[in-house]
Each structure stands twice: as structure tokens, then as C-alpha cells.
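Chain lettering (A, B, C, D and E) follows the sequence in which the chains are written, and residue indices restart at 1 in each chain.
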């Protein structure tokens, strides 16, 4: 085991110990310990209805990420190819989307789409989209001019330059955007479900709070952490490693 | 075939040319010489339509540069390889950009062939950050040759090569040119290189630049660098450089 | 001195004007859709733009609103600065020592990134009395992973050739750090600030959940639970304005000052 | 004597309740024993603050007491904070003016939206629908679909037709009446009073055993001041209601309507309220909202003076 | 003064040198020649401690490279200017890095002076993206000279310059060297350049590289390129290159 791995695992143990200690000194309705949470998780997995709620949250997160990512890319490219739209897209649309509170969107979405998954997804996407827009825009602004000229010397086909030169130059930005959106999406989804949903993990948390059932809340948090960790470990990290490979001297 | 007439270029408020005019005929090998910063690279960019001009006209095979792009290829002064592809894939990239979708295998073969032509058969898997300066330059040359253009613009393509590799590359380029009848515009600082390769040498002066010399070289190929005619030309070119210098320093 | 591209006066000017027009058109279109949706509905269901604008003006004259706005703004700015400092330090630590790299990139980062805001709110309410400290704590906890991710990305994107150039002139790490690394990181730090600034405003509501009974998030909650749709939307828009103000006055000039390339 | 003890009090974020504590906040009710620092919190905040013991006295839903106890969180009732008013208005099932729904039975196969399906208020609605109108109100597999929707979105959802009926409370119900766009198909609170002859209690002020133990005197004083504040509001209606109305942007008449028709704020604790809570727990257990019926007795502060 | 002994370097699994040894004495002007990709740039990086070695030893003035850094300056093969500073500020950057805080005005003066020395007095305000290839290279030279190092490593510093500028730069460097007694290690592909400048020419062979030739040049300065001694050396060097080539192709 390398020193790095050793340190990493040691840290994990230390963290668990600290948690247990903290739980020891607080009542269960404030902070349950790791063991109670693990037991709760096991019970959770055995309950189909709860799994269904987990599925609902996953669906909301995934749909919103895909939707806002695709829309954000498309929107960011518009002013790149048609500079006329710059003010409209960034100064007006982007700035407004970027700052209008998520709960505001939830209200408007409820008006426009009714009370269902679509409006939850809409509200989350509205929050996520500006992040995609801002990140991709900075990517597009920082394209290597020399390479762009190289591309131009070989072809005037915009599609080809986009696919072979611009997109690869943007990959790090796209990737960072995806990672960012993934983090924000969870937070927003939970909040949206907590305050306005009738399905999903946020809704479960809401119910658990009414019952002073802190264990369930921690179990849900635990599941989210496990899920995000897996995504990080098996999806984002390998891609990151590939980007790093050709940047090294 | 290729014509600049009274071209005017302004960059950052500075006039690079006020009235630059010259022509290149079909199948000609033209060498462009001139002091550093006089606008040689700029003139190549103008001919390929990569830089808008403030005045005058540029025609390529009776088309505007914006229409004639598919007949051209560049070897830029800095290699401009993309960091996320290795040497081989960088060469393939040029073909992908120019021709769109197509057989990957045959392109890799072609790229392989050109990379061994430039002496990099053993380094095809290396990413640009692992290549030496001269190796990067040679990948860029292979990339341009791979799209088989009618006109090639080369901007100091051999500047980072050692004499022996350089000699070999010169011979290769000369052969390609003789066998295919391509038109080549070649920027170099090496007067001997120009004398060996060129049908015609165009020497630019200081900014705002204009053509100082337009030398036709009639010596038969392969040329002997020691030949009397070439020696005379060399003396003349170096002379012009020097006088140019003198002007600049007064 | 930023380089200003000389623009052909006639065409550029016209394009600018067309762009501005298109921009305003987007705003008008949004207002029109809103107006159309709200038409015929009682104002406590969905108020129209006019009613909201009116309420907004009214709010601007209210002491209590201004105090709440100030409190929220200060909290947001404080949290953003602390989170960026913390995220930057973590990213730096991860890049100085492989042992830290494991701990930070494989444990702390995914943990912070995934821990729900509501979880922080609960923990903070247990650990701290309700008040500014708790709110800032929650906001910092939420923002730090975003700063960490972004600045970490910056470290990875550093041009190694330039660093080598720096090392050829000096082995003084602080100097290389100040003159080259920091400048290369600047765009990433700025984007971290920008992103966390945006998130901070969006989650102000969640962090003010712990029961710090002031701030704009609290006002929104108040308006929401009393079904004051007009006030609710007016507060939403006031947040938009404060956000845009900070963006235009601070972030955009900073980004102009440190472009990635000229 | 040193500085006065500070008692922090968190109450439900609602303009009507601002009127209740107005006298305390504005120095009309004073004490030389304690200072009350009153803060209004939204329901989720109240829940959280109850568990983390951030306030000395906190207003909490009646339905939450058994749940808290089962998790080991001991709460003790000091007094009644909200009780159904005699006329039993403001807790009904609302539909759009032109809705085909005429009576609660028409809800069969339709959708009813509520701000919180597990809340005390909604449980009372379900009790009436089940007992009086014979509807099966089970959350899963009942006669009609029940959806949880944030309070602020309810009128909009109703207007848009994504739900057929909704439970509107407090200021929302008042605005619905004023707008003339909505009507009720059942006044469930009135129905409950008719059926069970008790006015349900929905919220109580609670504290924690260890805090009460430490300074019983101070909490006695809190109860006195609270009661005095309610009395002040009811006897100085113009002064208090106008002040609160100006701040909240509501009509001053709303407060009159609310204190008369919707809710009582007793401020003390009486036998009759204990009975009403017992009844409510019994009915909730029947509906499955509580696991089993429990008496209110153990939740009462042992020093509490229980009125007749 | 500067000594490599049995240096071994591996990059990306490939052995660049197995046993490279050579020395440079104080005040010497050494030119490093060799085929493209043979490891000239790598050897400069090794000498400055920018690249760790896998075996052997490197000593600089009896110190390890890690300690001797303050005596060295580099002109890299690619100019490595920072994009956010203009030409003048790029030169100042070198001084800031080496000396830390200090008088800004005097540094700007010094930078100004060196930029005019390399012929860029008129372009000091330009950002790297506005400079021509040769201009960038000259900014990099000025940046290295500005810190007044005892040892200068120059990696093909004049490759993008025209003959006249190149001649001028050569003279400048030669003068600086003669007046200050600096030690210079100079990589070039131009044999004539090496012959004109060097006290000693070290010619490296193909990978894994070793020293092929170690020529002392005793001709007095300023040198006449036509001199018989130099011509003999030139013939010899080109010969070695060619034979090296032949080996590589078999």
C-alpha cells in the first residue's frame, strides 16, 4: 500500500472515530452514530417504497443534468457563432437565470407545468443551466487562437472544426461543468423536494423531520454520499486521469 | 495562380504593409526571405485568408482566399500540434478536418507513411509534450503533406532541424514538388536553403514592407551550392540584407 | 492595458446596437410570458410583473427589507471569501503532498461535494446557537467543494513549460507562486468565486433555515408561508438585482483584469 | 438582583401570530423576572429548532409530541398555542368557483392538495372527511389522491387545475374568500366540533424537562406574560391589528376574522384541552398517523396549573 | 566548472542517454550540436537541475545543480513568454523571479536596454501574441541576459532570425561573453554559427546519445568563416553527421 493510500484510509478511520465520539455525546434524535446509520441503511434497502423514492431523486437529478447540460452547451455556442446574441444570452438570460432563486423557479414551474416531476426537473435545470453557460463561455473565450487558426487552415467547415478542435479544447471545461452540475444538482434537488416535492429523498427527509427521525435523515445522507463517491471514483476520476496524462511534460 | 496586389495590412495600429504586390505561378517554388518581423508569416496568413486585409486584393487561382482554402495547406512557424493527440493522430487530424468522415485505417497508413518520410517512424505514439522541438516541426510538416494540397505554405519549417535531417528533408520536399507539380511558398532565413530550393526568391524589406528583390534562379537541379551563379546570388542577397540594415540603423 | 481590438466603426456599432436590442427583446419576451400567465389570476396566486415591480419599489423604501438585504449580502460575501480561501488551501495542500492528495481528493472532496445542504443545516443547528455564525458555517460548507474542485482544476491546467521557465530563474517557491502560478490560477479562482457567489444566493434560503430569523432567505420563507406571492417574487427579483450588481461591479472587472490570454 | 433571565421563544411564522406576541415585543407586557425574546420561524425551522433545543420555549404541533418522545426527545407542554375557534372556519376543503365538485363525496377519484400530509391540521381534515363524509382517506389506496404541495403553490395549482381541491389555511383562506374565485365544499373544523363536541388543539408551547427543572419560576412567568399578551391583543384590537397589518401588508380585518372564526389562542392549559388532545391522538391512531394512541398526560409539565 | 559524468536519463520508458559525460570550463563558449531529438535540450535541462537524472552525476562549480541555480539562466527552445505581460514586462519578470522585490524603475530601464540590444526597442509594449516568431525569441534572450548570470544556456536562440539579425546577435553575444567572462553553452544546428562562436564544439550522436566529437577551436577572433582551419572542421563535422545518418539508416 502506498503512503498515499495509507493516509487516505487512515483518514477514513479517523473520521469514523470522530463521528462515533460525537454521536456518543449527543442523543439519537440529534446525531446517530455510524452503526445506527448502517443498520438504518440496511432497513432502507429492504423497503421497496423507499427505494422507489431514491429512484425518483436519481431520475430528477439525471434528467435535470442532461437537460441543462445540453441546453447550456447549445446556448453557449449561439453567441460564439452569432455574436449579436451575446448580450441577450449572457447579460440578460444568463444573468437572470444565474441569480433568480431556485424556489422562485419552483413556484413558476408549478404554474406552468403543474405539480409533477417535470416541474421539479425544470426548476433544477433552471438553477443548473447558468453554471453550464458560464463555464462553457469561459472555455470558448479561452480557446487557443493558434490552434483555431490551424483548424481554419485545414477546413472552413464549422462542424468539423467544432468536433475536432473546439470540442477537444473544451473538454476540460465540459468535464468541470459536468462535475460542478453533479454537485449542485444533488443539493438543489434535495432542497426542491424538501420544500415542494411529493417524492424523492428530500420528501423523505421532510417526513423524517416531522417524526424527529434523525437516523433516517442520516441514512439518506449516507446513500447520497455513497452514490456521489461511486460516481467520483468510477466516472469522473478515470476521465480526469486521461486529461492529466497529456498535460504532463 | 497566386497574386497579391497592393495589399495593405494593419495590426494593432501598426502598418505592416502599405502596398505589397507579388505573384506566384503554378508549380513554382518560391522562397520568401526577409528580416525578422518584416511580415513573412503575415503574408502567408493573408494568402490563405486567415487574416483580413485592409486594402488591395488577393487572388488564388482566380478565386478569393475564402473560396480557395481547400487547395492550401500550412506548415506554421510554431508547430501547433494539439496536446490531446499523439504524433500519428495529429497527422490524421489534418485529414479529418479537411475531408470529414472517412476510412480511419487508410488515413493512419498514410499518416504513418508521411511520418516515416520525416524520420519519425519510431515516435508516432508520443504526445507533443514528449517530442523535441525538431520532432514537433516534422510532425507539422507531415500533417500538411497528408492532405495533398495544391499549394503549400511553409513557414521556416526546417529551422529546428540539424543539418543532416534538414538536408534530407529538403531533398524530400524537392522531390515531392518535382513529382507532383505542387506550388510551394517557403519562408526561410537560410539563404543557402533558398538558393538550393527556389525557382524564385522574394526578399522583403523592413516595415512597412515591400518587395526588395525578386530573383529568378535558373540553375538546373539538383543544385551544387558551390556553383558560380548561386554564389553571385548569395552575395547579392546578403548585400541587400546588409544595406537594409544600414537603412534601418540610420 | 487590455488590448482593444480596433473595431470597424460602422459595422461594429450597428452590431452592438442590434445585440442590445436583442437583449432587451429577451427581457420583454419574458415579461410578456409572465404577464400572459398571470392575467386573469388573483394576485395571491400569481401576481403580474407590474404588481411585483410595485412591491419591489415599496420594499426598497422599507428599513426592515434593507436591513435583511444587507445581512444576507454580508453573509454571502463572507462565506464566498472564506470558502474560496479554504478551497484554495485544500487544493494547494493536495498538490504539495501525495498523502494529502489522497485524503483531499478521494475523501474530503467527494464528501463535501455530496453532503446535502440540509445535513449541514442540521449539524449547524446542533453545534451552534442560531445566528450569523451558523448561517455562514452552512454556506461555507456548501460552497467549499465547488471552490476546491475549480481551483484544483486550475492546478492541473498549469502550463508546465512556464513553470520550468520560472524554476530556471529562481528556486524561491513564493516568487514562482506569486508571479506565475497564482496568475495562471487566477482565472480559475475567479470562476470559483463567481460560481460560489451564484450558489450562495441560491442556497441562502436553505442556510437561513436553521433559524436565523433575518436575511432575504428568511423573508422569502416568510412570504412563502403566508402565501404572499407578490412579496415572494419581489424578494426574488431583489436578489437578482443584488446579484447582478455584485457581478457587474466586482466580478466582471476582475475577470477583465486577469484574462487567460491576450 | 442580577440581570433578568432571558427566555427565547420561537413561534409559528404567521402574521396572525405576530399579533399574539405583539404586546411582548412592544413592551406592553412586562416582567421584572424575565425578558422574552420572541422569534417567528417557518414550520421546517420550528421542527429543526425543537430537536436541537435552540430555544427555551417553542411552539410545536400536537402531532409531533408522541413522535419526539419515541425518539427520546422529551417535551413538556406549557400552554395551548392554537386551538380551533368555535365557528370552525378557515380549515376547509377549497375548490375553484366553477368547479363541478359540490360536496366532499365528489372528491372520489379526484386529487386533493395539502401543504403537509402529516401535519396536525391536515390530519384534522382527514378525520372529518373520514368520519363525517365516509371517505376512505388512507394516504395510499384511499378514495382520492392526496398530494403534498408547498402552501404558496396551492392556489396556483388549484387555479391551473392540476389538483381538484386544496386545503387553504390562515391568511390564504382569507384571501381566497376575498378574491371570490374559490369556495369551500366542507368546513372540516366545524364538522369536527359538531361530531366530537371538542375544539381541536393544533399547537402547544413546549419546553424541555431539564430547562424547566432549572428555573421553574421563569417559565411560570413566561406563561403569565404570554397570556397577558394575548389578552392585550384582544382588548386593543385596533392598535395591535393595525400595527401588524401595516407590517405584513395584510388587511387589518383579516385579524378580526381570524381571531373570531378561525383560531383561539388560549395561552393557558385546561382540562378541556387535555381531553381534546386525547381525542385527537385516538383518532389519529385510527387513521394510522400515529402508531398508537397515547394520553397527553405524560407530556404535561408537572408544575403546570391545569384549569378546569 | 560544469561537469557531467556518466549521466543517465530516461524519459517515458526510453533511454535518452546511458553514459553521457562532458565538461565545460569557466569562461568557455561551448556549442552543442547533434541530430534532432538526440537530447540537446534535455542535457541543458539536466545541467540546470530542471530534470532529475537516473544515474551519474552533475556538478556545477562544485555544487549540485539544485544549489547552483542562481548562477544560471536559460534561453529555452520555445520562447516561453507569459501571455499576460508585454515584451518589456516579460523581461522584467525574469529579474523579479530571480531577485525578488526591488526597484521597478531601474529594472524597466535595464529591460529596455536589453530589448534595444536585441533590436526590439519599438516593440516593448506588444504582448507575446502580437510578436513574430523571431521577436519572441529575442525577448526570451533579453530576459535571460537581464539577470546577468554566470552561465547561460541557450537552446537554438537564433533559429528564427534572419541572417542579418542573426549576425548582429552573434556579435552581441560574443562581445558580452568576451567582456564579462560568462560561460555559455549554446545549442545550435547551424555549423557555421558554431564554428564562428565556439571555443569548443561538442557533437552528440543518436539515441542513446554520447559525445561523438569534441573539437577545440583555436582560431583567433573575430573569425573569418572562410579560414582554412574552420573549413576543415566544418567538413569534419558534416561528415560525422552524415556517417551518423548512415548508421541510423542501416
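A few remarks follow.
The rule we apply is simple: contacts are C-beta pairs under 8 Å (C-beta built on N, C-alpha and C of every residue); 3 or more make two chains touch, one makes a residue touch a chain.
Since this is a predicted model, take the numbers as computed values, not measurements.
Taking the definition of touch as given, a chain qualifies here only if it contacts chain D and chain E alike; those chains are C. Across A-C and A-D, the chain pair carrying more C-beta contacts is A-C. Computed from the mean C-alpha positions, the centre of chain B lies at a distance of 26 Å from the centre of chain E. In terms of their C-alpha centroids, the spacing between chain B and chain D amounts to 84 Å. In whole angstrom, the spacing between the mean C-alpha positions of chain A and chain D is 38. Inter-chain spacing, taken between the CA centroids of chain A and chain B, is 49 Å. The set of chain B residues touching two or more other chains comprises 12, 78, 129-130.
With touch defined as above, residues shared between interfaces to two or more other chains in chain D number as follows: 44, 48, 51-52, 150, 152, 156.
Residue positions 3, 46, 122, 126, 160-161, 164, 224, 229, 232, 259-261 of chain C are each in touch with at least two other chains. The touching residues of chain A, when paired with chain D in their complex, are 27-30, 106-107, 110-111, 114-116, 194-198, 203, 206-207, 209-214.
Listed in rising order, the residues of chain E touching chain B in the complex are 11-12, 33-37, 41-42, 77-78, 119, 123, 126, 130-135, 138, 155-156, 159-166, 168, 189-191, 238, 241-242, 244-245. Remark: chain D residues 44, 47-48, 50-52, 64, 67-68, 71-73, 113, 116, 118-119, 147-150, 152-153, 156-157, 160, 162-163 touch chain A in the complex. Here chain C touches chain A in the complex through residues 15, 18-20, 22-27, 30, 34, 37, 46, 98-103, 106-107, 109-111, 113-119, 122-123, 126, 142, 145-146, 149-150, 153, 156-157, 160-161, 164, 187, 191, 194-195, 198-199, 201-206, 220, 224, 229, 232-233, 236-237, 239-240, 242-244, 247, 259-261, going by the rule given at the top.
Of all residues in chain A, those touching chain C in their complex are 2-8, 11-12, 15, 26, 30-31, 83-88, 91-93, 95-96, 98-104, 107-108, 111-112, 127, 130-131, 134-135, 138, 141-142, 144-145, 172, 176, 179-180, 182-184, 186-188, 190-191, 194, 202, 205, 214, 217-218, 220-221, 224-225, 227-229, 232-233, 240, 243-244, 247-249.
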